[in-house]
Structure formats: C-alpha cells, structure tokens
Amino acid sequence: MKPEDINICILRIEGTNNEQEMYDAFKRLGTKPHLVHLNELSSLKPYQCLMIPGGFSAGDYIRAGTIFASRIKSNFMDELNNFIKEGYAVGGICNGFQVLVELGLLPGNPKGNGTITACLSRNDSARFECRHSILKHVSSKKCVFTSLLPQNEQLIVPSAHAEGKFLLSGGKKAYEKLEKNGQIIFKYVNYKGETNAPYPWNPNGSPYNIAGICNKRGNVFGMMPHPERSFFSKNEHGYSGKILFESVVKYIGGTF
Amino acid sequence: MSDVAEINLEVSDFELKKISEETGIGLSVDELKVVQEYFQKKGRKPTDIELQALGQAWSEHCCYKSSKYYLKKYLFHLKAPQNINVIKEDAGIIEFDKDHAYAVALESHNHPSAIEPYGGAATGIGGILRDVVCMGAQPIALIDPIFFALPTTKSSVIPKSVKHPKFIFSGVVDGIRDYGNRVGIPTIAGMTCFHSGYLGNCLVNVGCVGIVNKKDIIYSKVGNVSDYFVLAGGGTGRDGIHGVTFASKELDDDSATASRSAVQVGDPITKEPLIHACLEANEKKLLTGMKDLGGGGLSCVVGEMALAAGFGAKVQLENVHLKEKDLKPWEIWVSESQERMMMSVREEHLKEVLKIFEKWDVPAVIIGQVIPEKRMELTWKGDKIYDMDLEFVTTGPSYKRPIRPVRINNEHNNYSEPENYEVMIKTIINSLNCASKDWVIRQYDFEVRARTISSSLVGHINNETHADAAVIKPLESSQRGLVFTSDVNPNTVAIDPFWGSAGAVDECVRNIVATGARPHSFADCLNFGNPEKPDKMWEFSQAVQGLAHVAGKIGATFVSGNVSLYNEGPAGACPPTPTILGIGIIDDVDDIITVPFKKEGNLVYLVGKTRDEMAGSVYFNLRSLEGGKVPKVNPYELANASAGLLELANMNKISSCHDISEGGLILALAEMCIGNGIGASIHIKDLLRGDISLFSESNTRWICEVESKDSDAFESNLQAHCTSFALIGTTGGTSLSITHNKRKLADLPISELIKEWQAPLWEIMG
Amino acid sequence: MGKKEVIVTVGLKEGISDPEGKNVKKALSLLGFKEVEEVKILKSYKITINENKCKDIDEKVKAMAEGLLTNPVVHDYEISW
Amino acid sequence: MGKKEVIVTVGLKEGISDPEGKNVKKALSLLGFKEVEEVKILKSYKITINENKCKDIDEKVKAMAEGLLTNPVVHDYEISW
C-alpha cells in the first residue's frame, strides 16, 4: 500500500482535543487521516489504522477515558476486535491510551474477552503535570509503532496528564510477564538513561517507570506522553516523535 | 402576565433608591430619573424586564461610564498599520500575514473568583475563549495574570468572610487548569503576583489569542433585516444573574452569601464542541454575525448585534432553552449562564446551521429576528413585555468623575548596604514574587495543540528557568510565530500610577524583544478601586496616561482591553493594577532567543542604564524601606534599544537574552544560570552603590550573552542605536560570582541558587 | 484514647449546576440506561483523627470542612461518624 | 411507582495508594490541622431512577457501577438506597 492510500481514522467525541495535531502528524507523512466523530462512524472498513487521540474525552469525568471507552464498547466492539485480529493498527496517546486500557485492549489478555486488567490511575502527585519526559525504547519486540526506533534509543516527548500511573492487576508477576513478552515499549528515564529514575523523571509514579505498552501481537499500542507534540524535536541521533508515525505507516504499507 | 411586573418610578428619591437596591439593578437615583423621564414620554410604566435590561446595559462593566472619557482621550486614537479592527469588538483583530489575522482579548473575572475561586476562574477562561471564537478565530493560547494576597498570610489578620489567600490561589489555579486543559487550548503564559493588597479581592485576569483566516473574520453585527437570531450552547439558568452589576460594586461582608446567584459554573465539555460547531458554521459562510453571551447575557447581545448594523430586533423569549424550570422572563433575559453563543443567520441557511449543531450535540434554537427600526421588542408567550429604543438602552451614561491627586513621596531616609550580600541575594531569589512559578505553570497543559515552540519554562528538563515570553507557531504552513507576555508591577503602580503603568508597557516590550520578536500589539486589563473615590479615579487617569506615554511610540498599540473597577474588599482597595498583555511577532520561530546561558566562555553584556530607582523594588520591600524613585521610561530609548537588539537577533549575534525586571540585575543573572546549569563571573563597574547596582529595577534593560567573535558587531550596533551597554563578565563555572568595582560581593553555587529559587511555592502549596 | 474516623461528605448546593453529574448522566443514557433521570456527584473525605492531639473534634472537623474542603457559597456538607 | 434514589459509592481498594487523599492530608496539616492521620477520598454518584422504566433496579445499578463507574483493578464500590 502506498502512503497516499492509507486511511487513518482519528476518532473523537466531545472533549478529545488532540485530534488536529494527530491529523497533522499523519498528513505530513503523505497518508490520508480522517477526523471522525464517534456519532458519524458507521464502519471501520475504510481504515487501516485507528488512532484515539489525547484530551479529556467527555470531560474525563468518572475516570480518564472511561466514558469514551464505554461508548465504543456499546457501539462497535466486535468490529474493533476483528479489526485488531486482522492485524490493523490501533494506537492511543494519553487519553487514547486510557481508553484502550478501559476497553481491555491493553495490555489485553490471552482470552481476548475484554476483561480490564489494568488502570491508568491518578498521578502520585495527585495533580495534572505538564513536563518533558525522556523515554527509553526498552522493547526488542517489533511493535508496529516503534519498529523503526532502535532498542535503547531515547526520545524527548512532552507529558501532560493527571492520570498516568500504570497499574496492572496481578502485581509483580504480571509486570514481569509483560516485560518478558516485550510488551513494555517505553520507560521514563533521566539524562543518564536510568529506568528507575524517580519523580519528576517518572511524572506519575508508574511502577517500573512504564510509559507505553503494546498488546502481545504488537499492533495495539498506547503511551501517556505525546509523540505528536514532538514531531520535529530531534534527539542527538536525529530521532523525534515522528519516528512512531513513520513506523506505523511503514508497517501498514508493507502489510496490506 | 403574572410573570412580568410593572414598576412604578413616579416615586420619591428615597423610594427610587430602594427600588434599585431591591431589584439589584445597581442604578443610581439620577440614572433612574432618566429612565423615569423616558417612560413618562412613552406614557406607561416600565416592566421589570425593561428595568433589569437597563441595569445591565448601564452598569460600569457594560458601558464603561467612569472610564471611557479617559480611554478615549488617551488610548483609543493610537494607530498602527497592522491593526485591522481594534477596540470596537470583543477582541482586537491584527494582521498576522497576508492571509491571516490574530484576535486578542483580555478580561477580568475578579469578583466571581473572590467569591468562588474555582468556578469564577474557570468561567473566566470560558468567557475569554468565547470572545475570540465569536470573531471566527480558532483560539491558540490562553494567558492568565493572577494576583493574590500572600499564601503565607496569618489566619489571624484575615477578616471574617474573607477566604484564606491560599484557598483562593489554589482554587483559581484549579479552575483555570480544569477548564483550559479540558477545552484543549494551551495556557502558555501569565503572571503570578503576591501583594498584601489583594486580600479579599484577588484579581483573575484572563487573555486569549486566536488565529483566523482573513476571509473568515466575522463581526458582532447582524447582516440584514429579517436575519434570524440563533442561540446555541448550554441552557439558560439562574447562574450568573447580576454578574455585571455585582462586578460594578465593592465586595462586602455579605457578598459571599448574597451573591450566590452571581456564581457561575463552567462546563468545558459543552464548550469544546460549541467552539467546533461555531467555527464550522462560520467557515461554511452560513452566518452573518456572531457574538458571545458574556456580561449582561441576552439583554446585551441581541441589542448590540442589531444596533451595530443599524437595525433592531424582535425576540420570542419563551424559545430560549432553559436548564432549570420557572425562570422569570427577566431572569432569562439577564442570566449570564456560560457556554452560549448568538448567531445571526439568513433564512436560507437556517437548516444547515441547525444541522451542524446537531452533529456536535450542541442545542441551538431560533429566538428572534432582525427588524428595520432601531427598537427592541420582546414577547413572552404572545404578550409584549418589552419595547424600548435601542439607542436609549445601549448609549448609557458617561461621567467625568472628580479626581484628587495623591502626593508621591520620592524622598527616602539613608539606608545601609546589606551586611551580607549572599544572604540578601538568596532572600530575593527565594521571595515569592521572584521564585519559580512552575508549581502553577506545570498544572496547565502548555503543549496541547502541538504548536508550542517555547513555553514559560526553558532549559534542561526538570531544571528549567523562567522564559521572558512564550512562543507559538499558529499555522502548519508558516514558520511565523506569535510571542506572548503579560506584565505589571503593582508595587510601582501603587506608588506612582503614571510611571508604574508606563513601566508595565516597557516590561512587555522588553520581554518580547528578549525573545527576538518585535512588539506587535497590546491588550490591557485595568483593575482599579472604586471610581467614585477621587483618589482612586486619579490613579486610573494617571495609569491610562502612563500607558499612552509608551504605547504608540514603539510600533504597537492597544487593540482591546477591559476595565474592572470597584476592586475593593473588606480589607480595602487592591493596588491599582493595569495588567498588560503584550504580543510580538517573529518571522521564523527557529530564530527565537531564550533565557538560559548557552555556552561557557561567552561574554555577558548589560544593555541599558541602571539608575537609582529603588521605589517599589523587591529589595526595598524585603527591607521594609519606603520612598525613593519609581523607575521611569523613556520611550525613545526603549524604541532605539529594541531596534538595536532585534537587528542583532536577526544577525544571530545574541546567544541568550533576558530582560531585567523584578529582583533586578541579580535575579536576571541567576535565572540565566539556572536554566542550563552554566555559571558566570560578573564584574560590574559603575558609579552606583553595590546594592543599587544589583537590585535596582530600572526599566529598559537586558542581559545578553554574546560569543566573543561577535562582540565588535554587538557593540557597534548598539552604539549606532544610541544605546548604552557594558561588558560585565563571562559565562562559565558552576557558580555565579559577583564583584562590584573590584569588591567581591558574592559567589553562589548554581545548585544552591536552584534550590532557593525552586522551592518556595512547592513548600507553601504542597 | 485513640483514633477516630470522621466522614465529611460534600455536594453542590441546590441550584448550582453540576456539569460532572450532567455528563455522567449523559454517558449512562448513551450506554442505554434510559431510566436514569438525574445524577449528582458527592465527594467524601474519610478523615482519621488522632484523638490524643485533639480536644474538640466536632469543632475541628467543621473548621476543616469550611476552611479547605468546601466553599459555603456553592457547597453543602455533612459530617458523619 | 415513582422515582428511586440510589447511591453508588466508589473508593480505592485496600493497598492502592490514594494520592489525592494524601494531598488533602498535607493541605490540612499545612493549615495547622496536625491531628489528621489519614485522609481517604470516596466518590458517590447519587442516581435518580425512574422506576416505571426499569424492571430490575438492583441489576441495573450494578451494571452501571461495573460498566462505567469503577475499574475493577483499583476500585471497590458499594450500593446504598
């Protein structure tokens, strides 16, 4: 598939408000992004990638991402499960990550029955925090959103959230399993690259400094910081948030 | 017509006064007599809704009755070629590039925030967004200058009925955060100022800037006769009733309970789709006019839109969608419920407009139509309940109130030099008005929309220092950037309102120039005390002249603004506070200059003249010294220096730059060291005493870091612009060391500076 | 003497609009719960107090509620034990 | 039949840290309330249900709580009438 044939659905409801920058990111790479309101979405068929942008969907009342997730659930969950099964890409940034977790799609469980096994809970500081994060790409596995980014490479990406502490049911074992599966993609680090760097490097208190994860197959991905906001801000090796978008476009181009 | 009452104005002065108080309309006896006369001619009594509408329209907040004389005389005639449509509308419109303009609005939400900080501040943000959206512009930045009593104030000195400043401060920040972040517009700049004079009367000023394609600019006026009025957004309720009349008087002990209905509640999740829907309908050319519902609610918006085009309006009030039952017609007419917009639409476009709002789940209803006569007529379930001439309603009174000059004391007693400069420097850096504001800044999403080139925090991650101005690149297709700063120093304005206000404009210009941008426009929010008190009115008139003294001579003028009077609480009047929002433009955002030192071994220059102008300085305040001279401004010096620095910036001859303001030279140097952890050795030679040299807050000064290879170019350019400068040191090392006329005054490790500078707000606010 | 648990429950006053409740109601009804007529949000603070350090708990809790947890202009609150 | 008011109270599970509660505790202690040992936050949804439109209220409210109001990884909830 050529980039200009790739259709990307950027899904929004009231309060999702990072859709324009997500749109711009994909547009700059020559693909066809579409801003689609949940009320207008009739089918996922035309798309090869579904992106859930950041923001405060439905005000983030109750819990970040919950209302958006439950509306997706009641509208087109089966279709979304099939979309994922067919290998299409699904990404969630910030609020979008929270939505994917509340949908039970991340980290996802083997049975695929939509049980929620994780939560992005309130930051340890109990407040919204906007600051730049240094992220280390810790997975060796090829998540479709990071395939072009070498392992251990670091990116500088803005974080801006109040609920980003990644908690997993099942405790330490569950984390270890996630790590072993290569599902932990990004960790918060300091300038020295240490993956146990404390607050404020780890802005929310996530155990194991987890900033982003994918499902077992690598085609569903979520992260708290905002790569679309650092599309142009290169690190010393010339990588920027752009690499994530290039990765998924390359994946879709090569697969479908 | 039991929902509407007639009111008899043929009564004694005493009775008239009582009517004004009981109905809450806030008109004076003289003003009510004008109303009386008008209805005598009509041969009937006014209805309650008519009287309420007049109370709104003639309030200080809506008709600027005390201030417009001075504003017109000194500020409004200033001109700049880039101004497209200024002063007249909710937001000023200024040219951005060939095809685009930007919209600027700045307002106060002081009284509501003093009563209910969270809701008051949140709805302040909501209101200012509407002011920009109703010009057809996409909001791109929010700016929040906020002013409080010290959060360390002892509870024992706080009057009953006044909330602790800490509660107010954190409530205001929460409100701005929760609203701004939820609608997804970055709160990118502001100021956070503490002064004991804001006890019981905090100031919450909010600014917004938007970008608009020139062909999409829309004004607050209807198109033609028989256009329909479409009201969109949240339902109308009892919240915010008498908001403007409440903003037009002093707060007293009972305000908190008596003004509950003036409290407004923000609903950003209704607002966010409302913005999308309005902008979509406008871009599709389906609207003839648009205006937001702010102060005065429907009662102001309909008439103003109609009259602006030379017409009138007829409204069926029962069509307004409500969020609670049993509202009286007058309550519907004056309610200031949030998240509402008014549009005028031609018949052939009605359907399409309503469809757009339906898509976004935003209620929209038709409430009336434009009529040819300049008259307003309201009906309620078929009965006529309101019929007045629009010019009568909207003209309102205008006063030239008496003023009484206050003597300014420039003398001061002799005072000694500090015994220990290091201790004094740390005390300054650690004082609340100088210390890091990142406790506030980081609660706001300053990166959303992904167009933030530089925020208020610059330097190494998690050790950032303050920026002079924030930078946004509004368009995908252009490198051009807008630069934002907001400034005022109430300490100097309180002592000398003329020079203090002139200084606020100077500071805006300095901050913009320090970022490498040229000053392009200003907005002002003039927060003063009770205008019926001659000394307060004098402060106001002086301040306006001080602003005019500088603006207009540096290529930028005031394009919009707001006056907030009666800022007096149970603890007295707040210091006069003319907040200035300055906007600059830079051709390529890759060329911005930031504050932190960039490299070891570079030269450090002081640009501008330091004078013995210590009045209102942080240093004097900390030492409880009074008197002295307030820093003055020579606008021509400012223009020359700015031109010189901008030329140098264009030639890439400046590595970093910071203006000198509160805290003086020493704080500016410390902040430049903090950002990237690079120290400096500073050797000052001048004829001043050490403390004056380091701590004076004279205007029109900057510090520049320059590579040694560029020193000739730097010096000769400034000479050519008749601007004085001095080479004062070099960058490098891990400390900031200062000698003054060969005397060593201080040597402070950067790590210590960082600690002193970062900690205070976190320690107090948790 | 030991520890005491006090609950301060805070809600919005009658007549003050509650966007959070409104949005939760909307979400529930979009999820198919059409029988929901209204949702109001209450927040409770479960406060554990060291009785040894405190003479008049009643008074203290009231002061906490009024000084920090609520704004009497918009909130009602209730203290329960 | 008429209207019924149900309250769903949501709190954090034992062992899940409550940063907001900690923050309130800190704020209280900065205001001088040193006797406070712990603060925990609960949130309640007071839901008014139209009984005419609803057969099994119990069931329905449980579905709301589990489908929307809580995340089982971190929350406990209680329904009261």
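So that you can tell them apart, the chains are marked A, B, C and D in the order they are listed, and the count of residues begins at 1 in each.
Criterion: contacts are C-beta pairs under 8 Å (C-beta built on N, C-alpha and C of every residue); 3 or more make two chains touch, one makes a residue touch a chain.
This one's a predicted model, so the numbers in the text were calculated from it and none came from an experiment.
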B-D or A-C: which has the larger count of contacting C-beta pairs?
A-C
Distance from the mean Cα position of subunit D to that of subunit B, given in whole angstrom:
39
Once you find the CA centre of subunit C and the CA centre of subunit D, what distance in Å lies between them?
10
Can you check how far apart subunit A and subunit C are, centre to centre, with Cα atoms defining each centre and the answer in Å?
35
Taking each chain's centre as the mean of its CA atoms, subunit A sits from subunit D at a distance in Å of 29
Residue numbers in subunit B touching two or more further chains are 164, 268-270
Multi-partner residues of subunit D (at least 2 other chains)
23, 27, 31, 67-68
Of all residues in subunit A, the ones touching two or more other chains:
58-59, 61-62, 67, 70, 127
Testing understanding: with touching defined as stated, what is the shape of the graph linking the protein chains, line, ring, star, complete or other?
complete
Once bound in the complex, which stretches of subunit C touch subunit D?
3, 7, 9, 11, 21, 24, 27-28, 31, 33-51, 53-54, 60, 63-64, 67-69
Under the definition above, what is the set of subunit B residues touching subunit A in their complex?
177, 181-184, 268-270, 272-273, 359-361, 441-452, 460-462, 476
Mind listing the subunit C positions that touch subunit B in their complex?
13, 15-19, 22-23, 67-68, 71-74
Counting only contacts in the complex, subunit A reaches subunit D at residues 62-63, 66-67, 70, 102, 116-119, 121-127, 167-169, 205
Enumerate the contact residues on subunit D facing subunit B in the complex.
23, 26-27, 30-32
